[in-house]
């Protein structure tokens, strides 16, 4: 009862059934057969897509750079396995619309031969800048799902001295247990990655936050972190969305990140457990981010498991490996069931952000039979960002998008709590995603109409200039003609005189 | 390969509760008090109850067909039945049949369907109907039948109850009397003081419900139990009932201390009239109550204040109907001004300043 | 007798109030309503005439005088209608507004003879190309005013809907419960 | 002192100028679409009404009565109210043009607003003293503003609903106003002796 007053109150959130038990008890499966072809999208991260530097037909090794990052916020892409580049073209993207984006198609030769790169003997002698350079070169992005390039975060961390680095082990989405297994099996590697990141950001205090429904992971991480005083491991209440970075920052440090500014500006940075593990592999062994642990679960999965999969593997192959019964799969979801995207079919590649692939049956899904909103305000109670989903949805339904923005549409993190709790099964998050998309479309239309107005004014000005020009030429011509006639008349009169 | 599935966003999983489940839960909570009320006032009450429910469903079906909407789902969500149920509980037990029909008509058509069906109404439909009936048919709405439980010697049999319901009461004075509130209101107007008015008042009787009153609101005990159960089920929050009852008790005790001859004691306020029924079942109606807990507290306090003011100084003995309607009209304002603070923004919505660490 | 005093008092009252108002008017001077040019700047300004007025300025004047609804400008779509309604305090019914279907002109290379008639008439110089050379339309600059399609002799310029890519793909608006139940309509 | 408070409460709630006496209905229906417009209209009317109540009392007691030209009462009152409204319109136009644009035609219409003239005439009929008539004017204006703001809140929520086409717009507003006045009848007979 006492901690009611000590621990900062967590606002909103829901308690979905975890349904992690069928995947959280077995080890991570590492003997996934190397697929024949890998489809590697160039845009697997937040920021500009990577620019390919290889040509069709090149032979590449595992971990070799395929596309370099361009611009300030971007991340390179590496070969998940050794083989020959088949094609660089547009293929369906792992997105609800499955519209094509540019991908590199790699035909594997089965050797899985690593691309050797220099390995530092003692990484802690490296300068912090060198560490974030290596992390950036390894193509590491946030593996929690946000996929923000980690190197950029480390640089920002150095600029405004971070006093707390939070390692997000909450994994609050139901079904997913890849972070849980990673912490249980590779705790030392993760702790080593955390120390490297601390060194990379010149900060001295890290907190690993783990939800209290994962006691084994908590124990393993505590043992691994015991020798290092700068790393503290703490348990946080199990409540979706505990993994939302701003919620975690407020719970762990008590600070609230103001709207419109990054968390590093108030001295806190957050990284996922998987990211720390990838940093460890990149710095210690020079291995780029080429594979990741993916949870395959759901009612229609014969053998639910956590499997280490090379990036770019088609979901259909992962499903085949896990004996997924496609007939009673009502919906394929990439990521967790709360925030994940539904995919139209399984022929899409896994990417750096794929923390889980779910094959859900009809009974597990929320019924889509919509009833009228009875204003029960359960969505207002569960919204962690403190918005009023029912009022926003009502405004969006009658196309009052500005009113919805005033109610806080821009602060919606689409965590799915309101859609989860709504007794009338109203797709609230889809209302908000539609509205944000519509607002962006309107801004673009507004921008376009301003530009076209500028083009029109320029053209009209040019037309007037040309018209004035023609008038002057006309006048000049008439004047010249008159002049010539006058001269001829004079000549004629002089001749008549002479 | 399966056919391409339509993109769907947001939470793919969800709670199993839906609107119908909530409505039936509320009806379940009302069951004990209703059964007791029907037993207490015998067959005429049962007739009235059934007539009100049937006419409500009938009007709902007509309105939905007029709007060209699918009839089946709208009826199945039980909101029409619940509205009629609540209305019936607030009617005089031996009221004639047309009171029930007209009440349901006003509640369903004017109260809900005109606004566009479930979730769209601005005022509590049951309360609109009760207030409209009270103002337009004062006599029928204030003939309170004596307690005459089912199968007791002097209470009307089945045939006689049809006579009462369909062709009205014959010897009115023998069978009816005033409720506690009504009696006090008339005595006060003749400047009697409280102690001699309440010579034969039994507190325990009123609390358990053995007293004259509307069909379902007499038994405070059963209504309270039903309400607490609803709260434990998580269907309603504690904010509205607590602030409503708390305000009435607070005001009543203050005024009772000042002058206990002219102001009823808090316990008497609690166990008379429709206070508890309104607090647990009518004021907590989702559609017409504010969204935020603080807003609900303000709403409950407002209802409590108005109930007390109308009961003490108003012309009508029972003010809860008016109080709920007045506070329903203030709900949009409460929601406009009392809203949760958005993460990373201050109360006015401006982003917080970056703390100078 | 009292008639005279009545007339006297009324005139005195009128005069005195008139004087007071005159003084007040001097202090509270306000120049002409700035609303007109604000409205005109909101309109797309493409003088396309789809609103029935010869240009955007007359349409703006009609709007300020309240002669026309806020939804008179089809290219503006519901976004502009909302802004106008908010600015002028008009009530707004968006049922009749059809979202402007995004179109863009495209030249089919095989039939273009390079006669340059189209880019002379294009208001935003969206068509580029030299005489006798195959022309091309700059998609971003084209405002789908259809003037070039009318004037092209070989019909090679046609309007095409804007092609959906991953960048401009949008979530569709979910159907509210009223549209769904409208579908399963009466008596079922 | 409590006698004035009772008068204020009585005029604002018990016999509310809009919902019980049914005066001032056109701005009540016309300007209650937006909450902020309704609030500012209420404030403008309060300013006008209180000023008009005072000036009409002065006019009645120092001009009309002594020279017994009471038959000019309505004419003189309208003249004064028009002047006050014109003055208010200038102030509003100066302070916020946007508000002026939103209130639009309803600002000069306060002149013909039956609540304003009605309250002035009622003052005379009830033979209130100067302070009483001012409180009566102010009370009824507070009642007007209260009901305007409540109704504007309701209408803003109504605008977001899928009201059947038959009732969409003004009809549903009239029905809501009817139910609101039904609710205000609860205050009827609030006998003013404590």
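Going by the order they are written in, the chains are A, B, C and D; count residues from 1 in each one.
Everything below uses one rule, namely that a contact is a pair of C-beta atoms (placed from the backbone, for glycine too) under 8 Å apart; a residue touches a chain by one contact, two chains touch by 3 or more.
Keep in mind that this is a model prediction, so the values were computed, not measured.
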{"item": "Farthest chain (mean CA position) relative to chain D", "value": "A"}
{"item": "Chain pair, C-D or B-D, that carries the greater number of C-beta contacts", "value": "B-D"}
{"item": "Rounded Å distance between chain C and chain D, as computed from the means of their C-alpha atoms", "value": "38"}
{"item": "Where chain B and chain D are represented by their mean Cα positions, the distance between them in whole Å", "value": "33"}
{"item": "Distance from the mean Cα position of chain D to that of chain A, given in whole angstrom", "value": "57"}
{"item": "Distance from chain C to chain B - Cα centre to Cα centre, in angstrom", "value": "50"}
{"item": "Touching two or more other chains - residue numbers and ranges from chain D", "value": "161-162"}
{"item": "Residues of chain A touching at least two other chains", "value": "97, 371-373, 391, 397-398, 400, 424, 427, 430, 433"}
{"item": "Residues of chain C whose C-beta touches two or more other chains", "value": "171, 176, 178"}
{"item": "For the chain A and chain B complex, residues of the former touching the latter", "value": "11, 16, 96-98, 163, 174, 246-247, 250, 255-261, 265-267, 326, 329, 331-333, 337-347, 360, 364-369, 371-377, 380-381, 383-388, 390-391, 408, 411, 414, 416-417, 419-425, 427-430, 433"}
{"item": "Contacting residues of chain B [partner chain D, same complex]", "value": "67, 110, 113-116, 120, 122-123, 128, 131-132, 135, 306, 309-310, 313-316, 319, 321-323, 325-326, 328-333, 336"}
{"item": "Contact footprint of chain A on chain B as seen in their complex", "value": "1-2, 4-15, 17-22, 73, 77, 79, 117-120, 286-287, 290-293, 335, 339-345, 349, 351-355, 357"}
{"item": "Interfacial residue positions of chain A with respect to chain D in the complex", "value": "391, 394-395, 397-398, 400"}
{"item": "In the complex, chain D residues that touch chain C", "value": "33-34, 37, 59, 63, 67-69, 71-72, 75-76, 79-80, 83, 86-87, 90-91, 93-94, 97, 101-102, 104, 162, 169"}
